[in-house]
Structures are given as C-alpha cells and as structure tokens.
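Before anything else, here is the set of structures, which you'll find just below.
Next come two complexes, and both contain subunit A; in the first it sits with subunit B, in the second with subunit C.
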Partner chain A sequence: MELFNNLIFGFSVALSLQNLFYCFIGVLVGTLIGVLPGIGPMATIAMLLPLTFNVPPVAAMIMLAGIYYGAMYGGSTTSILVNLPGETASVVTCIDGYQMARQGRAGAALAIAAIGSFFAGTVCTLLIAFFAPPLAEFALKFSSAEYFSLMLMGLVAAAVLAHGNMVKSLAMVVVGLLLGIVGADVNSGIKRFAFGFYELADGIGVVTIAVGVFAVGEILSNLSDPEERQVFTSKVMNLFPTREDLKRSFGPIVRGTGVGAFFGVLPGTTPAIASFSSYMIEKKLGKDPSRFGQGAIEGVAGPESANNADAQCKFIPMLTLGIPASGTMALMLGALMIYGIAPGPQVMTDKPDLFWGLIASMWIGNVMLLVLNLPLIGMWVRLLKLPYRLLFPAIMAFSAIGIYSVNSSSFDIYLMAIFGVLGIVWRMLDCSPVPMMLGFVLGPMVEENLRRALQVSRGDPSVFVTRPISLAFVVATVLILIVMAAPAVRKLWGAAGASSREGVTE
Partner chain B sequence: MKHKVKSLFAMILVCAVALCVGMAAAQSYPTKTVRLIIPFPPGGSNDIVGRFIATKLTERLGKQVVVDNRGGAGGVIGTEAAAKSEPDGYTLLIISSAYAINTSLYKLSYDPVKAFAPIAKLGTGPNVLAVYPGVPVNSVKELIALAKEKPGQLNFASAGVGSFQHLGSELFKSLTGADIGIVQFKGGGPAMIDVIGGHTQAALGSLIQFMPHIKSGKVKALGTGGAKRSVSLPDVPTIAEAGVAGYEANNWWGVLAPAGTPRPIIDRLYKEISAILSSPETQKLFGDQGAEVDKMTPAEFGPYIVVETAKWGKVIKEANIKAE
Partner chain C sequence: MKIALRNNKDFWAGIMLITTGAVSVLIARGYSFGSTMRMGPGYFPSVLGGILVLFGLYVMIMGLRSGEKITVHCSIRALIVLPLSLLAFGVLMTHAGFIPALAVLIFGSASAGREFKFVEVLLLTLILTGFSVAVFSWGLGLPYPLIKGF
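Our next item is the complex of A and B:
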C-alpha cells in the first residue's frame, strides 16, 4: 500500500508543469539523437550537463533520463527504414525491420517497435518501483566468472542463429571475434592488430561496423542492381500492424522485456547484448525460423522491447546503490553529485521527490514517446517514397556525420567505407553479417572476463563451477549443447540404422 | 661600429614592434571562437572539468569556447591534434596526470616538454585506498600485514593498464613489498563495482569515484593518496601518514596551449582561469566531486609536469609496464 502512495507521490511530482516540460524536451532530444547514427545518449548528456546546473535537480534528472531511454526509441527508426542503425542496441532491428520495410511494411515495423518499447518501459517502471533494491543486490553477485559463463552461454546459443550454411555462419562468427580483438589488450595494454594506428588503439566502434556493413553495404548493393532500386519507391502497405502482427508480437514483446530487464540490472553488459539475446530466443522459439531475416515481425518486437527494458533497468543499480551500470549512468551519477545529492540507498528516503518523481516521469516519458512516435510513422514511411538519387546520398551524408561526431575523427569514416565494401563482398558471397556482429559484441567480453576471472583465482579454472551463479550458466550451456546436438545425433543414428538395414537387405 | 649600432637599433625596433603586436593581440584576443580540446571521450573527469572551464571562459572572454572531444589511446590522439595546431591562442588543451604518464608509455609524435606552453594547473583529485568491508583490516598497516600473511591472495582492482589507478597500485606495491595482484578492468567504474561486490578485495581508486560509497559504508577508506588529508575525509589519514612513507598519487588537471602561443595571450588566459578557480562555485564543484582546486601559474605548472613525468616514468620502468 505504501508503494502505491509512493507512486502517487511520484506522479504528483512528475506531473508538475515544469517537470512535464523537461521530460518532453528530454524524450524529444533522445528520439532525435537516437535517429542520428554514432552520436549516442552519453555524448549528448555530457554536452547538455552544464546547461542543467541552473535547473532544479529533479527536473534535470528527468530530462537526462528522458534523453537516455528516448534514444532507444529513436534508434529503431532508421534501422527499419534504411538499414541504418542509430544506436548500438538497434543493430539487430536492421535484420528483420529493414526487410519488412522493403516489403512495404515499414509502418507496421515502426509501430510494433514503439508499442514493444512502451510495454517494456511500463513493466520496468513497475519493476524499479517494487523490486529495485533486491534486484540491485542480486546484480552485485556477478563478477568476472559469472559474466564469462553467461557470455559463453550466449555465444553457444548463437549457433542457433546459424541457419542455412553452417560453415559460412561459423566463419563469420570468427571474423567478428577477430575484429573484436583489435585494440589494446585489457591485461597487458599491448595493442593488438592496430597496425600502428592510434585510432585503432581503443578498438573498432560497433556502430562504425554496423553502419558500414548494413547501411553503406545496402546502398552499394542497390546501386549494383537497378531492379532492386524500385523496391524502395513502390508499394507501401498498411501503416499499422494487423491483428495477426499483434498476435505474433505479443510473446516476443513479453520475453524481450524479461530478457532486457535481466541484462539491464547487470552492470557489466551492453544494451546490444540484450537485443541480440532476445533475437536469438525468438528465432529459436519461432515456429518457422527461416522467416527470420526475411521480415519476421517477431525479430523487431523482441529486440526493441529488450533494448528499452535494458536501458530503463540500468537505473536500478544507479538509483538504489549509486553504482553506475554503464558510462551514461556514471555521467548521471556525476550529475547527481554536482547537484549536491550523494547517490546511494539513502536517496530513496532523503530525496523521495527525486526518486519517485524520476520513476513516475519514466512512465510519463514512455507515454510521450508513444504519442510522439506513432503519428510520425506516416511521415517516416513517406520518406521511403523519395527517389533513390536523393535518398542514398542523404543516408551516406547522415551516416558520415554521425560517425564523425563520435571522436571528431575522419579515420572512422574511412573505416565505415571499408566496412561498406566488406558488406557488399559478404553479400555477394552470401555470408550473413549477423553472426559476425554477434561474435564482435560477445567475443571481447568472453575473453576479458575469462582472463580476469582466472587472474583473480590465480589460474584455477574451478571458479567457473564453484560459484553457484556461474555453475548455473555452465549447466545451461551444456544443456543447450545437448538439445542442439540431439536432432543431429538422432539423424546420424537414423542414417546409420537405415544404412545398416540396407546392408541387411543386400 | 656604425653597422653595429644600426643592427642594435633594428633589433630594438623589432622587439618593440613584436611587443606592440603581442599586446595588441592580447587586447583584442579573442576575436573568434576558441577551441578547447579534451583528449578523452565525453563523460570522464577530464570532460567534466573541461566543459566547466569552457563554459566559464566563454562568459569571461566574450567569445564562444567550444569543447572538442578527441578521445582515444589514453589521451594521445587529442594531445597530438593540439600539438599540431596553430599557436595563436585559439586552440587550448585540457590535460590530466595521463599526460605525464603517456610520455613513458607511448612513442609520442610530440615532445611533451617542448610542444606545449603551460597555462595553469586547475585542480587535484587524490586516490584512495578502499577495501571491501568484509576484508578484516582497518588500517593500511593491517592490509600490508594481511598481504604478507597470505601472499598472492589479495587483489587490487584497477582501471586499465597505464591508468593513474594502475600506477598508484604499482607504487604502493613497490614501496611496501606487499604481494597483491592487480586485476585490470575497462575503466574505473567496473573496477569499483567489483570491489563493492566483494569480488576483488581492494582498490587504489579515484576518491571522486569512491566518495559516495565510502560515505554509505559500502567500502572502507584506509588512506588517501594526497600529500595532505582530503578536506572531504578529514578523519582518514594519508597513505604516507598511515605507514607508507613517500606515497603520493594524485590525479590532476591543467590547461596547455601549443608552444609559441604569444605570451600576452597566455597571461590573459591565466588571469581569467585564475579568477574562475577562485570563485566559490568552482570550489564547490571540485569539492562535491572529492577533488580540490589547486591553482598553479604557468611558471609553476611547467616544472610540476616535469616532476610528475619523472616520478611515473620510474614506476612504469620498475613495474615493466608497456603499452606498445
């Protein structure tokens, strides 16, 4: 009962005219930067921070939070429309979202992304309000060993993605792992595969690769095939999802929210992991996995819910323990300190207006985002009717500006171009870039946490099975391997049985 | 003789003209937008300090001071960009202790002593020896004793190879001979989380970062790394006081300009920055973050950088740390 009173108090704070205004500004800015590739919520918040010094802390935090989760909404828009991921977490949305757009179903994809995000936002607001402290304590139990076992499970499960040509998929995973190695080694500081470029010392940016392979690659391949260009300009079907779409999306949205909330609470994961995991789960559970990659609405609904849930649940460790779960959260913590508020469990009791006001504002912000995004769908879809000679250069310019803005580095633009060329080469060879992205995202985390866990245990590998949470993931990994191998084994047995019978009849 | 007088006269004339031009430049400076390069991505302490200074300088100079984040390679990329810029006062650079550390870690394309003219040191943020509350020690001496009793079982969480946290830990090990492992994380945040979770036992981390968790009791502060006790933690001894003689590890921030920037412009910038640092608002901003305003003139700041470079160079050499 007290919780409801607290929530009502929170809404009374968040619904003040000033706070509503800052919430709106926040989600609007968030949506815009989400659409622009490269420049992310972290850079935006850093730039806007000095402007908020004269604003009351509650209003300032509401605005900064709005930018953060608003970016997750905006990130999907360009992924779906033109295969251009606006945010790291939206890379997965390109896969099926863009295919839907090509089939004239951009409106349905955009709408389901917004609806899924809204659902996830609502659930996570309630999660924060009711369970934040125990969830944060749970997250603290995760260290290197747990992260390693969790990521290993992810990498093994990634084999699920490998439909079609298994060899090609595995080869692409390896390409991703190799690309992930580039940069300074965490343990020794030695540069690996940087070829003397300082620009490669910190590794290659996920968005640089994704924009190159997906967006630039798509444009190059369109230009090489005059037939395909027409697809962009013709047939745009219904703007909103059909009843069938909604039915199909319901499960993925619920599961995506769960997956996103789980990863969101953990400080050591990135939003891309949540959306990739959700995609893998949907693909595994889907009745017809071959639909994925061909415009399956489940492939948009799940990951988009997951990245929004992840973004919002990243607030749990920050608000309850004062622990930053990501760079952006570290920045928000810094902001709190500048406003003279010491972050930690006492925020809930000392500054109830800030704590509950912020939580309530998140739900209000989600409503605003839905209202902001749904009417825009018509406008976005009309964008696709632009002739390609206008659209393609615009996308290229847009990509280049976004990538450049991250480090003010022209090197990154060249990298993007190189990955554009690689993207079209892979397309010609019929190699899907999705396993590559997965290897790239997960590989460095697997390596880093494996080595760190062994460093802490002084080389004793038993840490992975003696720590209970880690053990659970290891067991799950083994189970996944068995389940995956089972059909193949059965087939092999079947084939062996058949051939032996053949032998008998001969 | 006549010739000599003539050339002397010419020299005086040249000097006078140069002085006049310089003074005129300082009087009219700035006539256009000034760029402040922060050699780190948005979000870290350099960025917070840099953006604050940029905002305040904009007010005082009457021209926009724009922040240009050039992150990468521990600050080397942005510093290189600044070294290559015109020394006209329209490019400035924020530096931190990483500037002194990088000299010994990387093959630099610039000469860290000659490529820049110091303008001002801005502030100092000491490190802190923080331990997980479950570790049965209550002082620096007890921690060292525990490490001797159980060699190779304790670990320090560090923010990455060559970071100020890493070198602070190496310095601690070399002064005490304690057998404590150093576990590297990607940044100070993840390292701190691992200590709060009790997975790594201790860290020599940035006080700025640990402050709220020391106050809430999630970690115990055994000592601070400054020369004096921290104003924010007056009851916690310095690590040197607590028994590690000679230990001092501070992060610090300052402003440089490319070498050859006219003297009057440097003096003007120092005057404005000095006024900014004296304001209560600045002192509060630094204090809230666990840091302190630590003003140095251009004449003091130059030698300070040289001393810091030598100190960390020695630690890096002894610990055999390599980044390339």
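Our next item is the complex of A and C:
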C-alpha cells in the first residue's frame, strides 16, 4: 500500500501546473533532438542545464529527464521514416522500421514503436517505484568503506562494459577522477591543479566540461565528415496497426522491456546495447527469421521497447545509490549537486517530492509523448531537412550563452573551448569521454570516502574486504573484470557493440 | 622494424595518458602526501597519476604491437576556427557586450564548416542573434549589457 501512497504523492507533485509545463518542454525538446542527428541528449542537457538554475529543482529534473527519454522516441521516428537514426539507440530500428515504411506501413511501425515505448515506460516507472525504496534503504546503512567499494564497482563496470578498449576506458575513468578533484581540497583547503587561476578554486563546472566535450567536441568531429543527408519521405497513412500487428508485437514488447530493464541498471551499457540485444532475441525466437530485415514488425517493437526501458531504468542506480550508470546520468547527478542536493540514498527520504515527483513525471511524460508524437511526425520530418551547417552555429551560440550564464565568467568559455579540443583529441585516439565523465562526477566523493574509510580503520586497507557488503562489491568488481577480460566474452561483446554502432549499411 | 608512429592510434593514446599521469604526479608532489591513515591532498592525485602512467604504458605498447591507425579525423580549419570563435566570444562579452559577442561567435562558427555561403551565414547570424536576445535577455532576463557603452 505504501507503494501506492508514494505514487499518488508523486503524481500530486508531477501534476502541478509548473511541473507539467516543464515536463512538456522536456519531452518536446527531447523529441526534437532525438530527431536531429548530430546532437544528442547529453549535449542538450548540458546546454540547457544552466538555464534551469532559477527553476525549482523538482521541475528542472523533470525537464532534464524528459529530454532524455524523449530523445529515445524521437530517434525512432527518423529511423523508420528516413532510415536515419537520430540517436545511436535507434540504429537497429532502421533495419525493419525503414523496410516497413517502404512497404507503406510507416504508420503501423511508428505506432508500434510508440506503444512499445509507452509500455516499457509504464513498466519501468513501476519497477523504479517498487525497487528504489528498498534499495535506498539498504544503501542508507553504508559507511564510507561500502561507498568506496560501490563506487569502484560502478566505475569499473561502466568502463569495462562500455564498448571499446577496456584498459583505455579504465584509464579515462582515472583521467576523469583527476579532473574531478581540481579545486580546493576539502580537508586542507589547498587549491589543487588550479594553476593559479582563482576561477578553478571551486573546481571545473560539470556543465563546462560536458558542453565542451560533448557539444563542441561533437561538432568538431561532425564537421570533418562530409554532410550526407537524403531524405526519403514516405507518406504516413493509416496510423493504426492491424490486429495481426498487435498480436505479433506483444511478445517482443514484453521481452524488449525485460531486456532493456536488465541492461538499464547495469552501469556502462548504452541503450544501443539493449535495443540490439532485443533484436537478436526476437530474430532467434521468431518462427520465420528470414522475415527480419524485410519489414518484420517484431524488429521494431522489441528494440524500441528495450531502448526506452533501458533509458528509464538507468535512473534506479542514480536516484537510489548516487551512482551514474551512463554519461547522461552523470550529468543528472551533477545537476542535483548544482541544485544543492547531495546525491545518494538519502534523496528519497530528504526530498520525497523530487524523488516521487520525478518518477511519476516519467509516466506522464510517456503519455505526452504518445499523444504528441504521432500527430507531430510531419513537423519532425520537415525539421530533418534543416542542414547541419545551420544547426551547429546555433548549438555553439546556445552552449556559449549557457556556460557564460553559470558564473558570468569568460574563463568558463575558454575552458569550454579547451575541453572541446580535448574532446576531439580523445575521440581521435579512441578514448571514450563517457567513462571520463563518470569519473569526473564521482571524483571528489571517491576521494572523500576512501579517505574517511582509511581514517576510521587507522590506515588498514583490509577494511574494504572485512566488511561483508564492501567485500561483496569488491568481489563483484573483480569478477566483472575477469569475465570481461576473457577473450571469448570480449569478442562476443565487441561484436555486439560493433554491430549496434555501425548499424545498417544496406 | 619501422612502424608508422605518426598515425598510430594507441601509441598516441598511451602518450596522452602517460603525460596526463606524469603531470599530475609532478604537480601533486607539491602537496603534502600524508599517510594512508591521514591522506594529505597529494595522496589521491599521486596514486591516480601513477596508475594512469601504468595504463598509458600498456596502451602504448599495445599500439606498437597492433599498429592500428587513427580513423576519426578532424578538419584543421574547424579545430582552429571554433575555439577562436569561443575565445572571441569570451573577450567580447567582457568588453563589448552580448550582441557583438554573439554575432562574432555565430558568424565565426559558421565559417568553420565546409560550405560557406556568405548571405546565408549573414542571415543566420542576424536571426540567431535576434532570437537569443529575445529569449535570453528579454525572456529569461540574463543581466548582460547588449552593447557596452550604450
């Protein structure tokens, strides 16, 4: 019963006029950037974050979350209609979704994508409401030793499960940790790595680094690719899927939601992995696998449910443990800190309106997307024709204004430029900036908990393996490392990642 | 055996990591290290820097063995023009005001692309600057002077 009381409380928060408004703005902006290739949810959230400083934290978080899962909806629209995934998570939707569109069944594909996403969104809202409170309660008992081990596990898992080279990802986590501790040390007050700049006394802003690496860095990397965009617009007729479509899609939607929820709580996995896995499962389970690639509705229903479930379940570790499972979640965590809320299990008890309001708003946002998206498809497709050469100067302008407005300081603009250059250098060297971002956000907390744990144990490092919960995290960390370092697993995982990234070339 | 190092992805990644680690250890030497029980401000960055150097060495050796090439490229033009536009924005914000800073940033950024149509970029600059002034200065009330001295 408590679950329902909590949810009702959440809805009473989320249904306030102000919060509904911000939720609407969030999902609208999210869909927009989901449609537009070349700009992702991370850069957008970073860009808009400074503008939310005057907004109450609850409303701001609701909007930022809306951008995130809204992007998943938007990405599917363009995958289906023009064979162009707006987000990497929708790459796999192109395969069968675009084929369906060419057969004149774009409407059915879009509708099933929306229905699947909505189902996944609903289930995940319930999952969060059901599992988050016990998890947070459990985590409240943690002392610094457990926290350190938990963060270690989160960071290692995120680095190792992310695609690409494992050692490089781990190294990027360390780079992030180092960047995270720039600024005044809490214990001694010494300004570390400040190079004499008083602006660095408070550390590097999370927004500055995110906009630099993910907005400016992205633009730099996009500008080197020749612009290619051919828009084949199929007419969208008959939005309603047939009874046969619904029957075929039911299983994939349920399974896709399960797959997405599973990958969702794992740190480091991207929605692309969830949607790709779901596609493979449906292909294996399908009575006639040859239909896949020819416009099988299962190939749209499963992955679309999976990526939405993944996006939403990523909130579970972030809200309950204060552990970011993806780059976007790292940014949300940074946002919480900017609003003066210490992330961790106490958020649920200290800020119940934020916690439950955010959860309820996700369901409301999903309803809005369902209602909004289908009628607006025409508009989104027209937006696709906007050439990138007009888009990126706008991104630059809004990013710069956003960053400047944080401290009214030009110094932050220069930092943003530096991180933009670092962003492209890291991409060229194939060092993923996402693990860096996770390390950056957790850096000060990792140091603080390590320091405290060792102080309490009088310098004895065995404290991390003698406390049972901490030991469990350490063992899990080692296991993840061993399993993922095994050549066979590595190969399989790498193959899945490569296909989900490169996507459809046919 | 001569390997083309210039394009060797992991070789340079290793160098980058080693440099980052080494620099942080060197700087952290200026802070008190403390002991494991009472960690000074230099403890954490020194240890991390050390780990980073080890990772970097491994990645570098890996690069020398595999010889994988850099596949992502960056247009030099954009790499120079975009940061310069941001620099100009920062300087102009302090000395000239919101409108000139924004106009220079938008015009500058646009010229980093491969296609540059003067009239189009001019229009884009005008529209975006106007839009930003309307939204950020008038709408959201950001307190920056539109043009300094007026």
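Criterion: the second predicted complex is superposed on the first by the 270 of 506 C-alpha atoms of A that agree within 3 Å, B and C clash if a C-alpha of one lies under 4 Å from a C-alpha of the other, contacts with A are read in each partner's own complex, and residues count from 1 in each chain.
As a working rule, a residue touches a chain if its C-beta (ideal position, glycine included) is under 8 Å from a C-beta of that chain, and two chains touch if they have at least 3 such contacts.
Note that the structure is predicted; figures quoted are calculated from it, not measured.
Touch criterion not met for A:Val465: it reaches neither subunit B nor subunit C. By the document's definition of touching, both partners, subunit B and subunit C, reach A:Gln455.
Touch criterion not met for A:Ile8: it reaches neither subunit B nor subunit C.
By the touch criterion defined above, A:Glu199 reaches subunit B but does not reach subunit C.
Once chain A of one complex is fitted onto chain A of the other, the partner contacts of A:Ser188 extend to both subunit B and subunit C. By the touch criterion defined above, A:Leu386 reaches neither subunit B nor subunit C.
When the shared chain is aligned, no partner comes close enough to touch A:Val483: not subunit B, not subunit C. After overlaying the two complexes on the shared chain, residue contacts for A:Ala171 are found with subunit C alone; subunit B is out of touch. On subunit A, the surface patch touched by subunit B in one complex and by subunit C in the other comprises residues 185, 187-188, 190, 408, 455, 458.
Per the touch definition, subunit B reaches subunit A in the complex via residues 41-43, 47-48, 51-52, 55, 67-74, 76-77, 80, 105, 152-153, 155, 160-162, 181, 183-187, 189-190, 192-194, 196-200, 211-213, 215-216, 218, 285, 288-289, 321-324. Contact residues on subunit A toward subunit B in their complex (touch as defined above): 42-43, 45-47, 49-50, 140-144, 184-191, 198-199, 201-202, 267-268, 321-324, 327-328, 330-331, 333-334, 337-338, 340, 342-346, 406-409, 448, 452, 455-456, 458.
Residues 51, 54, 165, 167-168, 170-171, 174-175, 177-178, 181, 185, 187-188, 190, 192-193, 216, 219-221, 223-224, 226-227, 388-390, 392-394, 396-398, 400-401, 404-405, 408, 410-411, 413-414, 416-418, 420-421, 424-431, 447, 450-451, 454-455, 458-459, 461 of subunit A are the ones that touch subunit C when the two sit in their complex. If you check the complex, the residues on subunit C that touch subunit A are 9-10, 12-13, 16-17, 20-21, 24, 27-28, 31-32, 35-41, 43-45, 48-49, 51-52, 55-56, 58-59, 62, 70-75, 78-79, 82-83, 85-87, 89-91, 93-94, 102, 105-107, 109-110, 112-115, 120-121, 124-125, 128, 132, 136, 140, 142, 144.
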